[in-house]
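Here chain A shows up in two complexes: once beside chain B, once beside chain C.
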Partner chain A sequence: MESDKLLILGIYDNPDKTYTATKKLIAGGYEIFDVYSPFAIHGLDRVMGIKRTRLSIAAFVFAMTGLSLALIFMIYTSYFDWQINVGGKPSLHIPTYIPITFELGILFTAIGMVTCFFIVNRMFWGKNADIMDIRVTDDLFVVAVDVKKSKADIGMLNQMLIDNGAIEVRERIKEV
Partner chain B sequence: MEHEEVHIREEKYLITEGNKKWAFGLMIIGLILAAIGYFTYHPHIEGLSEHDLHHLSLKRLLSNILVNGYFFFIISVCAAVFIAISQIANAGWYVAIRRIPEAMSEYTVPGGIIVIVLTLFGLSTLYHWAHEGIMTKGSANYDALLAGKSWYLNKPFYFIRMVLFIGFWIFCAFMIRKYSRNEDEVGGLVNFKKTYALSAAFVVIFAFTFSMYSWDQIMSIDAHWYSTIFSVYNFATGWVSALTIIYLFTWYLRGKGYLNIVTDEHQHDLGKFMFAFSVFWTYMWVAQFLLIWYANIPEEVAYYKERLFGSYQFYFYFVVLVNFCIPFFLFMSRDNKRNRKVGFFVGAAMLVGHWLDVYLMVIPGTMNLATDPTDAHPAGIIKVASQGFGLMEIGFVCLFAGLFIWVTLKALTKANLYPTKHPYIKESALHDVGI
Partner chain C sequence: MSYESPIRDQLVTGGKTYHDVSSDITRPLENAPTKSWWFGFSISSIVLAIWIGTTTYTMLVGIGAWGLNKTVGWAFDITNFVFWIGIGHAGTLISAVLLLFRQKWRMSINRSAEAMTIFAVVCAASFILSHMGRPWVAYWPIPLPNAFGTLWVNFNSPLVWDVFAISTYFTVSLIFWYCGLIPDIATVRDRAKTKMRKFWYGFFAMGWTGSTRTWHRYEVISLILAGISTPLVLSVHSIVSMDFATSLVPGWHTTIFPPYFVAGAIFSGFGMVLTLLVVAREVMGYKNYITTEHLDAMAKIVMVTGTMVGLAYITEFFVAAYSGMEYEQYAFFNRAFGPYWWAYWTMMSCNLLAPQVFWSRWARTTPWFLFIMSIIVNIGMWFERFVIIVTSLHRDFLPSSWTMYTPTLIEVSILIGSFGLFFFLFFLFIKFLPSINMAEIKSIMHVGSDDDHTHHTEHHDKPVTEKGAVHGV
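And then the complex of A and B:
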C-alpha cells in the first residue's frame, strides 16, 4: 500500500460531531485532507483554516477583459472601420455601447469563472468524481485525515476518531 | 449550533447629550439657514416681472421641502419594507439589526404628515397640472394634453390616493413595530406569525401603491412627460438609501458598545445589499435614460434635455459618478464592506448622491413659471435655469436630517436594541458568511 497516499476516513452521522472532531484533530496536530458534508456546516471553513478563494479576483479580471474587448470591438467597427449613419446619430457615442459592454462583461465573467473553477479543481468532461464515500452524498459526513502529512500513528488516529463519535473508520487511497 | 455560546442581553439605547446637540443643532441651524436663504433670495431674470420672481422664491422653498420630504419619507417606508421582505423570506440573519429599520420606520408618521400637508398647500404652486384653468376648456392656458389626463390627475382623487397610500404604510409600519415590541414581552410564535401575514399583504400592496405614489408625487411634476420604469427607479433610490442608513446606524451603535451580538458578518451582508442595489439603481437609471436618449422622441427627450445639456449638467454626471462608481469600486472588495472608515465614506457619499438624484427629479420641473401658451412657450412653461445650490438647499437638508435622526434615535429607546425573544435571534447571532 502506498502509504503517502493513504487517508483515514472517519465517518460521522451528525454535523456537530463532525465539527468538533475536526477541531480536535487539528488541535491534536493532524493534517486534515478534507471534510465532506452533504450541506454547508457554518464555521467549519474557519476551523479548517481554508484560505480565502481567489475566484473573485479572477472574476474581476475576466469582467474587465470582457468590458474592454466589447468596447474596443464596437469602437473599431462602428467608428474607425465603417461608419453607418443611423438616423443622424453620432457614430462614436459611449451610451450606445453600454448594453453590449455590460452583457459581454457578464458573459466573460461567467464563462471565465466556470473555466477557472474547473481547472483549479482538475475537473474535465468524462472524469469520474473522487467521492470518498458514497454515503456522503446522502446523510453522512466524512473527515479525511492525511496519514503521511500528519505523521500519525494509525492506531491512535483510529481511536481518536472513534472517541469523537465516528460511527465507522475506513482507509482509502486518494486519487489526486 | 451547540458549540457556541450566545449572550442575549436586554439593552436599550440611551440618548446622549451629544445626540441631542447634533439632532437639535441640525434642525435649528437648518431652519435658520433656510430662512436666511429664503429671505435673501432675489432672483433676477430678464423679461420676468416682480410678481413672477416672487412666485419663484416660493416655488424654491416648496420644492426644497418636497425634495427632502419625499427623500426621507421613502427611506422610512423602505425601512418598513426591508423588515417585511426579510420576514416573508424567512430570513434569520437580519434579526439582530431589526430594531434599526423598525426605528427608522417611525419617521413615516411625521414624514407622511409633512408630505401630505405640503401637497395640500403647495399643490397648485408646485404642480403645473394643478394650476387654475389648465383643464377647463376655453381658458387662456388650456392644455388639451393635460386635460386628457384629468380623470387621474385631479385634486380630489389626488388627495384621496395620497392619504390612503400614506395612511396604509403608516399603519403597516406601526403594526410591525407593535408586534415586534409585544414579542419582547410575551415571546412565542404568535407575533411572528402575525407579522408574517401582515408583511405578505404589505409587500404586495406596497408594490402597487408605491408605483402610483411616485407618479403622483414626482412624475406628475413634469406632467407632459412619462416614463414606465419611473416607479422602479424611485423604489431603488429609496431602498438603497434605506439600506445605507441601516448600515451606518449599525456601525454607529456598535461603535458606542451596543448590539453585542452584531458582528462584521451582519455588516458585510448589509454592505453586499448596498453594493447590489447600487448596481440595481444604476440599471434602472440607465434603462430609463438610454431608451429615451436613443429613441430621441421630442416629448420624452425634453425631460433629459434640460438635465443633460442645460444648467443641471454637472449634477447629472455627478449623480452617476457618486451613486455608481463609488460603491461599485470601493464596495466590491470584502474587506472594505467590513471596514468602518470605508463604510462611512461610501455610505455618506451614497446618501449625498441619492439625495441629489431626487433633487434632480424635482427641481428642474418645479423651478419653472407658468404662462399662457404662446409660440415662444407652447407648453405654457417658462424654463428657468438652475438657481444653484444655496443656503435654502443646505438648510432644508439639515432640518430634515436632524428630524430624521432625532425620530429614529428616540424610537430606538422605546424597545430593546434587538428583539430578544425573536425565534431567529440565535441564528442571527451565529450568522456567518464564511471565508
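And then the complex of A and C:
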C-alpha cells in the first residue's frame, strides 16, 4: 500500500535510556511515530508533544449529564407524574434526591469516559494487537521513528539510536 | 553532614528485573494449579455448595426459614449485607484514595483488593436479594413504568438510595478493575504459548500495544476514576448507614452514623485484605512484592480506623447520656449490659482494644500474628453490625413485644456459605488473572536506573541504613 509507513525501531531495555533517546531524537528533528513501553514513562508524553487528552472534559460532560438526568427524572416521577403521600411529607424535596443524583453522576462519568477512552484508542474486545515487539508488554521499550516524515538518512538514524543505548535496531512496515 | 530521609523502603525486594516480575506474577496462570490451590478451591467449593443449598431453601420456603420475628425484622441478613459491603471498601480505598495520595505501596496490593471488593459486593447483593423473601420481584425498587398506573418508587427512601449506591459501586469498581487489568492481560497474551490462552487474553486485552499515546490517556482516566471512586466509596457506606440513621429507632437514629460506618468499613476491609494477603504472599511466593513493609502500612491503617470506630462507640454513649432522652439512654445501656452484652463486649474488645497492639512494630510485621489479628478484626466488625441491628430492635417501643432473637441453622449456614462464595471467586481470580498489577509494579522499580531519588547502595559511598536512608550525602 502507498500509505504504509516505514518505521525504524530502536529497542531499549531501560526507561531512562528510552526517555533520553526520545528527547535527543526530537531535538535532532526526527519525527517520532510512537514509543511503546510496558508501563507509563512519566514525562515522556510531554517530551513527545502529546497534547493533553480531552477525556477529562468528556468526563465532566458525562457527569453533568448524569446529574441533570437523575434530577429531572426524580422531579418528573415524584412530582409531576404521580405524587405519593408518605406520611404527608412533601412530594418535591430536592435534598433527598441528592444521593441518587450523586450516584448517577458518578455512574455516567465512569461508563461514558471509559467508553470514550476505548473509542479514541480504537480498542475493542477481540481486536488483534499490532505490537512492535512481543516483549514490549514485558521488559522492552521501543522508539518508533517515522522515516518518511523525518526525511531521515537511515544509516545516520540507526547510528543515533545505537549511540543512545539501543540494544537492537530494526525496520518495520506499518500498515495504516 | 546531612540526612536523607527515606520515604519508604524498597517496595519490591529481591533485585528483580522487569522480566522477573512478568514471570513471577504470571506463574500461577501459566502452570497447572498447585496442590494448595486445589485444596483451597475444593474447600471453598464445598462451602459454596452449602450457600447454594441454604439460599435455595430460603427462596423456596420463604424467610420463615430464618429466626426473624415481628420485633426483630432484620438480623443476620442485613448484618451480613453490611458486613460484606464494608469488606469491599478497602479495595476502593487502596486503589483510589491511596492513588490520590500517591502512596506507591498500594501498587502490589491494589489488584487483589479490588477483586476482593467486587466479590464482596456480590456476596452483599446476595443477602439483599434473599432478604426480600421474594427475589423474583427484586426489580421492584428500580423505577420502571409499571402496571399500577405508573406508581414510581419513593425517592425519599434510603432503601432506594441504597439500590442506586450499591449498583453504581459495583459497576464503577468493575470498570476500574478491568481498566487496570488491560495492560497486564496484554502481558499474559504476549507470553501465551497455548492457543486458548492466546485467544482469550488477546480477546480481553482489546489490542493493547503499550503505545505512549494510549498510556497518556490511560493515566488520565485512571486518575479521574480514582477521583470519582473516592467520594463514591464514602457515599456508599454513608448511604448504607442512612438505612438506619434516617429511621426513628433509638440506637439507629444517630447523626454520627455515616463517618462511623465509613471508618468501620475501611477497618473491616483492611482486616480482610490482611487475611487474604498474609496467606497469598506465602502460598503464591509473592514475598518480594508484598513485603513486611506493606503489611506494616496496612496494620497502621487498621489501627487508626479501629481507633476511630472505637471513638464512635464511645461518642454514641456520650451523646445518649447527654441527650437526656431516656429511650436513647436505655437503648445504649441495654446494648452494653442487656441480654446481648456478650456481643457488645466482643465488638468492643475486637475493634477498639485489639488493634492497639499495632503500636508495636513487631505486631505490624509478623505475618502469623497479623493473620490472627485480621480474623479478630473481621469477627469484631461482624459483631458491630449485629449489635447495632439486633440490640436496637429486640427491645422496641412496646415492652410487651420485647423478645430475643436466635438465628436458625439456615441463617448460620448462609453466613458461612457466603465465605464459600467469596473464596470460590477469589481462587478463580488468582488462577486466571494476574493478582499483582505488573505494569504499576514495574514503574516503581529502578532497574539500572540513573534516577537521583533511588537509594541504591552502589550509588553512594556513604553507609546506607537498613531502611534505605543514606547518611551524609
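Note that in this section the second predicted complex is superposed on the first by the 170 of 176 C-alpha atoms of A that agree within 3 Å, B and C clash if a C-alpha of one lies under 4 Å from a C-alpha of the other, contacts with A are read in each partner's own complex, and residues count from 1 in each chain.
Quick note on the criterion: a contact is a pair of C-beta atoms (placed from the backbone, for glycine too) under 8 Å apart; a residue touches a chain by one contact, two chains touch by 3 or more.
Keep in mind that this is a model prediction, so the values were computed, not measured.
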Chain B and chain C placed together on chain A: clash or fit? clash
Contact-wise, after the overlay, does A:R122 reach chain B, chain C, both or neither (first, second, both, neither)?
second
_Contact-wise, after the overlay, does A:P99 reach chain B, chain C, both or neither (first, second, both, neither)?_
both
*asked:* Output check: A:T53 vs chain B and chain C. Expected answer is one of first, second, both, neither. What do you get?
replied: both
Max touched-residue count on chain A (chain B vs chain C) belongs to chain C
_According to the stated criteria, A:D16 is in contact with first (chain B), second (chain C), both, or neither; which is it?_
both
**Message:** Which partner chains sit in contact with A:G43 here, chain B, chain C, both or neither? Use first/second/both/neither.
**Reply:** first
Contacts of A:Q159 with chain B and chain C, given as first, second, both or neither: neither
Chain B and chain C footprints on chain A meet at residues 15-16, 40, 42, 45, 50, 52-53, 56, 89, 96, 99
The residues of chain C that touch chain A in their complex are 17-19, 22, 143, 149-152, 154-156, 158, 160-161, 164-165, 168, 171-172, 175-176, 179, 182-183, 186-187, 189-191, 202-221, 224-225, 228-229, 231-232, 235, 239, 242, 438-440, 442-443, 447-451
The residues of chain A that touch chain C in their complex are 14-16, 34-42, 44-45, 48, 50, 52-53, 55-56, 59, 63, 73-74, 77-78, 81-82, 84, 86, 89, 93, 96-97, 99-100, 102-104, 106-107, 109-111, 113-114, 117-118, 120-132, 134-139
Within the complex, chain B is touched by chain A residues 15-16, 19-20, 40, 42-43, 45-46, 50-53, 56, 60, 87, 89, 95-96, 98-99
Counting only contacts in the complex, chain B reaches chain A at residues 1-4, 286, 289-290, 293-294, 296, 332, 334, 430, 432, 434-435
